[in-house]
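First chain A sits with chain B, and in the next complex the same chain sits with chain C.
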Partner chain A sequence: MNPEVIREYLPLYKEAFILTLRTGWIGILLAFAIGILVAFAIHFRVPVLSKIASVYVELFRNTPLLVQLFFIYFALPKIGLSIPAETCGAVGLGLLGGSYMAEGIRSGLDAVPVSQEESALALGLTKRQLFTYVVFPEAMSISIPAIVANVIFLLKETSVFSAISLMDLMFTAKDLIGLYYDTTEALVLLVVFYIIMLLPVSILGSIIEKRVRLRTLGG
Partner chain B sequence: MGFEVLAKGNNAMRLLEGLGVAMRISLISVVISIVLGVILGVLVELKRPFIMAFFRVYLEIVRIMPQMVLLFIVYFGTTKALGLNLSAEAASIIVFSFWGAAEMADLVRGALGGIPVIQYESAASLGLTRIQTYRYVIVPQIVRRMIPLSINLITRMIKTTSLVMMIGIVEVLKVGQQIIEANRKSSPNAAFGIFATVFLLYFLACWPISQLAKYLEKKWEN
Partner chain C sequence: METILEIKNISKRYDDITVFEKISLTVKRGEVVVIVGPSGCGKSTLLRCINSLEDIQEGEILLDGVVINPTSKDLSQVREKIGMVFQSYDLFPHLTILQNLMLAPLKVKKADKKETKKEALELLDRVGLLSKKDSYPRQLSGGQKQRVAIVRALMMHPEILLFDEITAALDPEMVKEVLDVVLSLAREGRTMVIVTHEMQFARAAADRMVFIDGATIVEEGDAKEFFDDPKTDRLRKFLRSFSYD
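And then the complex of A and B:
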């Protein structure tokens, strides 16, 4: 390993890291928003919308992100819908993640015991109060492990962005290997930056999961 | 819309063959993952500190490293570091098995740990030997819990194999790109038709399998 090479590569990786992180987190926020809306549509059996939502979930859960990105980036322009690469990455990640988040949140909503709803209604809560103060908070705390797992999964999936020529960490590593053949240095930096990106989230996830489990043990 | 290229020559057949390559890699990896994962999962349940520590590190690596990064490390890294000339297909099978075995071991560990102690005690009080306990009580329950999860692993493996085009394996996406390139003049919209077809092909490959997993999971729910 040559420290000179690492020093030279570092700024390139830093730039790529910021781009990966930015696109990734925008995608994750988008995924969360889509996930909540879709989960509501399915849980409350909203006519028509719930059908569309189910088809969306099945379609995007059963296809790889790479194929989805290729479709959005290369195929949609042919029918007049051109999207810049970075937006495309965030939207693709959001659509993929939305289907996973929806499943997680929906199963949380379904897991809230009926007795909770009945008790709340017996206490005189309106339907709206029942949902905002009882069902939704409980469902979210049930879904948290799934949501955290999905966030980690989606951050890892950002590595696919290089396929639509976004200059992310993967792209930078591949580019440098191809240009200068300093394979070891390029790969070590790649690994280090992915650890910086994911280890904190993974540790935080374990802590949250433990706390959620404590809650259920007490209950 | 660009679907007409599929009818030209043997383009449709080539796409399917590309999908076949991806399926072959994922099936081989799944089989290796299941075998290694079951062995490792049982070893971890023995709760020896050394194995536990090793497993935690292994699991964390798989948890936070994207498969694509692992692919690059094995494909480009080993060539450089060990002077080993791995084929792209071998590299991808190694990576996917490395990943799948960890996932599988964690599932086995979870399923084994999820069996209440009372089951072992009841079996012992009925006079079953250790082997009989496992043969008639524990293993059947584990298998029921594991089968839907293993089937899910197959679909995840199939989806992940789409990455292998990034290290130069000619699978369905790569074939798609080649067809688009070759027909650039005659069907300028081929990209739409081809990528829509690839999207659908992946869906058709994965959806029935995940439905089966869902069905079995419901059916065997205690």
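And then the complex of A and C:
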């Protein structure tokens, strides 16, 4: 490994890192927002909306992100909807992630025992209060492991962004290898930056899971 | 004594199954009514009907002269007056014991936080669990959880308490610690309707006993008479099933 090469590559990777992180997290926030709405629609069996939500989940869970990105990036402009690559990446990630998040959050909502709701109602809580103070917080603590797993999965999925010529980490590595053939340096830096991006999420995730687990088991 | 709860000719059916038929029961203020009967006789369902967790197909239920039913607009206000404790405790697992106790008074009654906390601590102390105030429910034993559940119901200052087989899920050695709490509530004149399988406890706590079997009230009366001199064959047979001689 040539330290000179690494020093030269570093600024490029830093830039790609920031772009990957930004697009990734915007996508994840979007995924979370979509996930909550879709999970509510399905859990509460909202007429019409719950049907649409189910179709959405199946559609996006069962198609690869690459295909979804191609569709947004190459097919939408044909009907006059041209979206910049970075927005495409975030939206694509949000839509894919939304379907995963929705399932994670819905399973949490479904897992709260009916008896919990009854004991809250018996105390005089209204349906809204019951949801706000009992069902939702409990459901979220049940869903946390699934949500953390999804966040890690989605951050890794950003590597597909290179296919729509977004200058993310993966794109930068492939580009540099193609140009200069310094394969080892380029790949080592790629791995290092992905780990820098994901390790904190993973560690933070385990800490939150551990704190929450103490509360969820047994009522 | 004034009547607080009046159950008039209520019937409960699921499709083609009749849980009970034309049951009537009156509870006076300060009275402890204990309901017993074989498993599946509908005694728990009866309690659940009282605070409208189940709907009824016939008859009506009045609390302080006001009709209660699941479609009432002010259902949550009616439920405030009815404290209920369940077999499965159902403390809120994401809240500490103190938070469990304070949730309903603060959110439903908009009670003063300081005073609510003071009252919660006093009641916890009374059931011997002051040291657990900052624990989470899963760190407590079944008997401790159930004592907290009773306190949680008391925090709303209910006019009547419903206990639905509150010791059925407990290990035998924990049954007494819970029933002692209930007994002390009975002695301070709380109005209670209790469903239980603990006959010795029933005898100690009840002002009046009710025996439900085959979808109807078979026998009811003064506790002493009920146990020592049952009038019906069905009750005699039921009581015998609890003795070993």
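Methods note: the second predicted complex is superposed on the first by the 215 of 219 C-alpha atoms of A that agree within 3 Å, B and C clash if a C-alpha of one lies under 4 Å from a C-alpha of the other, contacts with A are read in each partner's own complex, and residues count from 1 in each chain.
Keep in mind that, in the parts below, a residue touches a chain if its C-beta (ideal position, glycine included) is under 8 Å from a C-beta of that chain, and two chains touch if they have at least 3 such contacts.
Predicted model, so just to flag it, every value in this text is computed and none were measured.
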First (chain B), second (chain C), both or neither touched by A:L29: neither
Contacts of A:T183 with chain B and chain C, given as first, second, both or neither: first
First, second, both or neither for A:T126, with chain B first and chain C second: second
First, second, both or neither for A:L204, with chain B first and chain C second: neither
Chain B versus chain C as contact partner of A:F70, first or second or both or neither: first
Partner chain(s) touched by A:E138 [first = chain B, second = chain C, both, neither]: second
Partner chain in contact with A:E118 - chain B first, chain C second, else both or neither: second
Residues of chain A touched, compared between chain B and chain C (which is higher): B
Those residues of chain A which chain B touches in one complex and chain C touches in the other: none
Interfacial residue positions of chain C with respect to chain A in the complex: 51, 53, 76-77, 79-80, 82-84, 86, 88-94, 103-104, 107-109, 136-138, 145, 149, 152-153, 156
Complex contacts: residues of chain A adjacent to chain B: 58-59, 61-64, 66-68, 70-71, 74-79, 152, 156-160, 162-163, 170, 173-174, 177, 183-184, 187, 190-191, 194-195, 198-199, 202
Interface residues, chain A side, partner chain C - complex: 113, 115-116, 118-126, 129, 133-134, 137-138, 141, 214-219
Chain A contact footprint on chain B (complex, rising order): 1-2, 60, 63-69, 72-73, 76-77, 79-81, 155, 159-160, 162-163, 165-166, 173, 176, 180, 188-189, 191-192, 194-196, 198-199, 202-203, 206-207, 210
